[in-house]
């Protein structure tokens, strides 16, 4: 925060120097120009007639959703159970695969820098690709069904759990690891005594957190045929049965809130 | 028993941590390594068990040349050297017993250690040492539930359960209060005498070094500048080790304090148990 | 015998995680039963899997030879659309998330506003982007505008929640210090709250930019613009070499985003 002296000899204070100020303005102008350019691209691809109609469409949609067709709910228990299974089994499978990957990706436990790069690539690839895309691919390979959903969730979870876990491994205290190595322990023993106990709470927290996210994601996998309540959602939307859609929405809403609550409680307990 | 010759260590950054170290330690001798921060004390003892790789030179323990070992052989050699750390270096989330037993890792296979199925003699020895350092009741406590002095005792038990020939001790008292520091130093000293162990103790506190060591080695900027008995360590040599300071006033205050404080090493088993049960107040 | 006496004789086992044996075995049994029940719901059509296996191999092989060329224009248009949607939706979403986040912070918002803002956040976070996209496509018609509004709405929920949490545990003494000078509400926000929250807000915005890009790649499936439509077509036509090309581009952009976000974070701290 520079203080300069005016010709009259009194010191004045300003937050930034002139140069920094101009650079700041320039960055803002460039940012705004970029934003406007993007906006123009979007607006060129938009049928504004439809947009003008949006309010009427929205209120129409809501009136069709109300009242929900409650009798439809009893047909949703089975798909909801499937959805939970997709999320839970997918998370378990994802954990099983993410665990070794994280150890290979952490700077302090990796056997070789090349292995580390490969593990990091697996993590980035898994993180970049949404579970819905994995599900689309797997449905063409395995056929529609719960299995495709489970594997899609697992593949997406590798990146998430792997990334957070390897960061946790890199942040452990090095001295216990050093002490265990000094006893003449083998590599695996150093991992299981020096590293594992230190990351276990973080690992449990991350896994439960991901389970909660996976419940949310598995509700839509059915849209591409990978099982769960999304199948019903897709069918209801295609047949324009909006009063069924609203039942499904409520069901998803309650389930997700419940899983979020459980996950928060468990995370609170372990950390 | 331990012989270092021509040991050099240069870090990849170009810093020269150790220069031509010549040192030999007979069995049963307790040696204090003193010197200012950054003099290379930690590097020196970590070179011995190769937690830090020496750049050149030879380090022999008995008949084994440590610098050439790798993999399995290195791990076997490390079993013979127990190490005690400044920050105790216990695994916080494991119990005290698991921490002590981890000293036996080098002698137990992976699955046995993973499932905590240690052989009977290892458990007996681990518990005997836990008893010896005064913590038999803490068996199932988690390591992070202990006080600093208790943690360091667990650290000592872990080092001794290895049944080592040599103890490498890195600033054992730096995280402890003065009274606990003395208790810990006395314990290390006694255990070395009981088992006829050699020990290298890095220590900042010159007074403690004088009281508890048989021999003092002074390190400055990676070179040995003093090697002799505690009595031979005078103000002049302290100046060569640490630089200019009024050493005499400090030495005067501490020399007479030593006998009064009842710290004559090796003398008393009963006093020790009192100390360990925490009931000593003077 | 106590554990100490047992240990003296060389008998020692790790303390079990759950002390009560009944509860312990109950938990194990419960987990096993659930696992069996859950696994039994998977019905696999092995004939279909065998048929699909060759496609799986084709897909893996396609990564070795991704085809960027034959659908070049579709890919370029799709990616550009995704990127524009990402940028505009993040800017709009963050801008709207700031008032919502302030409203959802218990320590500075009055009760009715607090509940309103919490409600917005909960709805936006509960539903996947794709569900919201379906609704907005119905309202606004096909195209990137619906996608942009979807992503902006999701951004509001994400950012506002984290922002509200930040504000709830900010250092209250600084706020009091500014208030003590007789500052107005706006001045308090500007001088006491903003400096404490800003660095994390920037970091989170960059992170959200990354998430929005990844999401923009899927909402095209329901007609909300972006690369998703092209990707969907290529997968359902089994043109795996084109899909592989698109996926590689997505991975590349995410990597770039991650790399630059670590720089931005370092720069703001």
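Going by the order they are written in, the chains are A, B and C; count residues from 1 in each one.
Convention: contacts are C-beta pairs under 8 Å (C-beta built on N, C-alpha and C of every residue); 3 or more make two chains touch, one makes a residue touch a chain.
Since this is a predicted model, take the numbers as computed values, not measurements.
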Given the contact rule stated at the top, which pair of chains has the most C-beta pairs in contact? A-C
Looking at Cα centroids only, farthest away from subunit A lies chain B
Whole-Å distance, subunit A centre to subunit C centre, using C-alpha means? 4
Provide the C-alpha centroid distance between subunit A and subunit B, rounded to the nearest whole angstrom. 48
By the touch rule stated above, which residues of subunit B touch at least two different other chains? 98
Mind pulling the subunit A residues that touch 2 or more other chains? none
Within their complex, subunit C touches subunit B through residues 3-4, 7-15
Please output the residues of subunit C touching subunit A within their complex, sorted ascending. 34, 38-39, 41-45, 48-49, 51-53, 55-56, 59, 80-81, 83-85, 87-88, 91, 122-123, 126-128, 130-131, 134-135, 138-145, 148, 214-215, 217-218, 221-222, 225, 231-232, 235-236, 238, 243, 247, 250-251, 254-255, 258
Contact set on subunit B toward subunit C in their complex: 95, 97-98, 101, 116, 118, 120-121, 123-124, 126-128, 131, 136-137, 139-140
Listed in rising order, subunit B residues that touch subunit A in their complex are 49, 51, 75-79, 81-83, 85, 87, 89-94, 98, 102-107, 110, 113-114, 155, 158, 162, 168
Given the complex with subunit B, which residues does subunit A contribute to the contact? 175-176, 178-186, 188-189, 192-194, 197-198, 200-201
